[in-house]
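In order of appearance the chains are A, B, C and D, and numbering begins at 1 in each one.
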Amino acid sequence: MLCLLVATAIALIAVRGLLASIMLTSVYGLLSASFFVTMDAVDVAFTEAAVGAGVSPLLLLLTVAIVGRREAASNARRLVVPLLLVTVTGALLIIGTLDMPSFGSPDAPAQTHVAPRYLQQSGDEIGIPNVVTSVLASYRAYDTLGEVLVIFTAGVAVLLALAPAGQGGSARAEPPAPEHLAPHTILQVVSKLLIPFMLLFAFYVQFHGEYGPGGGFQAGVIFASGIILYGLLYGLPTVCRVIPPPVVEVLAAVGALIYGLTGVLSLLAGKNFLDYSALAADPVTGQHIGIIAIELGVGIAVAAVIITIYYAFAGRLHTRED
Amino acid sequence: MSTLWLWASDACLLIGSFLLLTGALGFLRFPDFYARIHACGVTETLATGFVLLGLLLRSDDAMPQVKLVLILLFVLFSSPTASHALAKAAWNAGVRPRDNSGKRRVSLPHTDP
Amino acid sequence: MLSFTIIVILLVMLVALARAFTGPNVFDRVLAANLFGTKTVLLIAAISYLLGSPDYLDIAVIYALINYISVIGVLRVTEIRRERRQAGAE
Amino acid sequence: MDVFSYFNYWVVVVLMMLGFFIVIARGNLVKKLIGLNIFQTSVFILYISAGKVMGGAAPILADGVELYSNPLPHVLILTAIVVGIATTSVGLALVVRIHAAYGTVEEADILEQDATC
């Protein structure tokens, strides 16, 4: 599996032309998801699947559709210095790995520090089976709040960068002119069948995240993928009518706010910021309520940000067309 | 789970693997793009069906079975759709099938608007 | 038998990768990526049975659902380029 | 000590260097971002490899299972993947703007235009 990964990466170097590179990138994503599965990292594989299968190649494709797929040949003489640099750095890093604990050993430092506590006590303290979710949403909730804010900021940054100049930044207030869409009857019918399942599955992932793999991050991405698929097949104006861009932008902020307000609530109830035990009389119930609330916030924020990013890129694509 | 089911499952997995290999062979050896899409698309759905059926016969729990049936349904919907979309994209971009000599381009009724 | 199937799937993945690397035109690569996606569904399902944990099936469901989005993305990109070409020709 | 105990780390290093090579050796900005993605994924693989315990199960508590893999790297990487796609899209947005301003996404051409004006 890992050898296949390396082969893909080498192919990526050798191949010229951006569309081919994108396809190899998507193969690379699939492979790394399979690798995460064999490493027991279900949640990570889940996220990689949701991101790598739909959104990530799509954003690259949209960019390439805007900037063109040609790639200039690189100068052979210019390759020598990078090659040397890379070889030296790589050799140093490999010498460094010799000091690492051997792969999979249960007494490596990483395994003996805080992880046993999470594994042994989260069952009693948080009361949900998926340890990844309880660490993500409760023990390390500050960290996750930071991540959500980073994603939110990234959405804002994309909007700032891609809003057409001279329109005061809110170019998406007026929907773009209807574009000419070739009839895709088959695709439209099949997708109409599948999109509800995608959205439904996103909700399943969202609310099943405490018991199995899943959670707000994955659910948000899957939900956004469904919407993006709709937008691809029915055109940007249609999907903008279904979910208007201003609504999505507000929702992104609302998602982050839900997260923060949950923390403030627990603060008001007399415990620490984001200590959900304060949210109910019984600490474990409080933890449950808190985790569901912040996972909801994460899901809304992630879905909204990714849809916003798609709108920004697709809007750019169509303004260039005329 | 009885031995009979295991046997049946093994048989399904074997057929599925064989079909996967034929599909890969076609994908590797066929001369032009539309033939390759055919090799992929046709064998793929059947092979996927057999492998998933083989796995289905292996499980005795309800939840994995439901999930496998869902996977099978989704693949049966989305895989031919993807092939269709891809063939359409290739046609749009001007890729044309070849005839037996492998050189001359076949003149098909032009469906472009 | 299960491990045999997994090995076969990995082999097919290798073939798809070879095609994605050499593939004469872009669409061969897209087809290879698509084939890779379906094979990943099977691989993850088979691995989940090999390791005996049915949780992994959720990941396979995801791939089965949304893997074809990128192919549709490619279709739209080719369409947009054709429209531009036609607009340029007029 | 057998070779396989370090195999994962070596793959990580190789992938990281391949990504690094694409970033510094290729002039196309989109390609550079793809290289950055490979680099990023190699870090993910490093973390997940460090969290794997031989014979451990996925960290979802179940009856009768004693040994689990380490959940902490999973948490870190799970969020990092989504943050990664968000930041990549910021990069792509900047590439689109650069294309609008310079008409090209090749580093050499951009530097040339900067030098002439």
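Everything that follows uses one rule, which is that a residue touches a chain if its C-beta (ideal position, glycine included) is under 8 Å from a C-beta of that chain, and two chains touch if they have at least 3 such contacts.
To keep track of the chains, here are their UniProt names: B = Monovalent cation/H(+) antiporter subunit G; C = PH regulation protein F; D = Cation:proton antiporter subunit C.
None of these values were measured; they are calculated from a predicted model.
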Practice problem: Give the chain pair, either A-C or A-D, that is connected by more C-beta contacts. | Solution: A-D
Quiz item: Can you give the whole-Å distance between the Cα centres of subunit B and subunit C?
Solution: 11
Quiz item: Roughly how far is subunit C from subunit D, going centre to centre by Cα mean, in whole Å?
Solution: 20
Self-check item: Junction residues of subunit C - those touching two or more other chains
Solution: 16, 26, 30, 32, 48, 53, 55, 58, 61, 65, 67, 72, 74-75, 77, 79, 81
Practice problem: Would you mind listing the residues of subunit A that make contact with two or more other chains? | Solution: 42, 62, 64, 182, 184, 187, 191, 194, 197, 212-213
Exercise. Would you mind listing the residues of subunit B that make contact with two or more other chains?
Key: 74, 78, 81, 85, 88
Practice problem: Identify every two-chain combination in which the chains touch. | Solution: A-B, A-C, A-D, B-C, C-D
Self-check item: Residues of subunit A touching subunit B in the complex
Solution: 182, 184, 186-187, 190-191, 193-194, 197
Quiz item: For subunit C, which residues are in contact with subunit B within the complex?
Solution: 1-2, 4-5, 8-9, 11-12, 15-16, 18-19, 24-28, 30-32, 34-35, 38-39, 41-42, 45-46, 48-49, 54, 57-58, 60-61, 64-65, 67-68, 71-72, 74-75, 77-79, 81-82
Self-check item: subunit B to subunit C touching residues, read off their complex
Solution: 9-10, 13-14, 16-17, 20-21, 23-25, 27-28, 33, 36-37, 40, 44, 48, 51-52, 54-55, 58-59, 61, 63-64, 67-68, 70-71, 74-75, 78-79, 81-83, 85-86, 88-90, 92-93, 95
Exercise. Would you tell me which residues of subunit B are touching subunit A in their complex?
Key: 74, 77-78, 81, 84-85, 88, 113
Self-check item: Parts of subunit A lying in touch with subunit D, wherever the complex brings them together
Solution: 2-3, 5-6, 9-10, 12-13, 18, 21-22, 25, 28-29, 32, 35-36, 39-44, 47-48, 51, 55-56, 59-60, 62-64, 66-68, 71-72, 74, 78-79, 82-83, 85-87, 89-90, 93-94, 97-98, 100, 102-106, 108, 110-111, 114-115, 118-119, 122-123, 129-132, 135-136, 140, 143-144, 147, 150-151, 154-155, 157-158, 161-162, 211-213, 215, 217, 220-221, 302, 305-306, 309, 312-313, 316
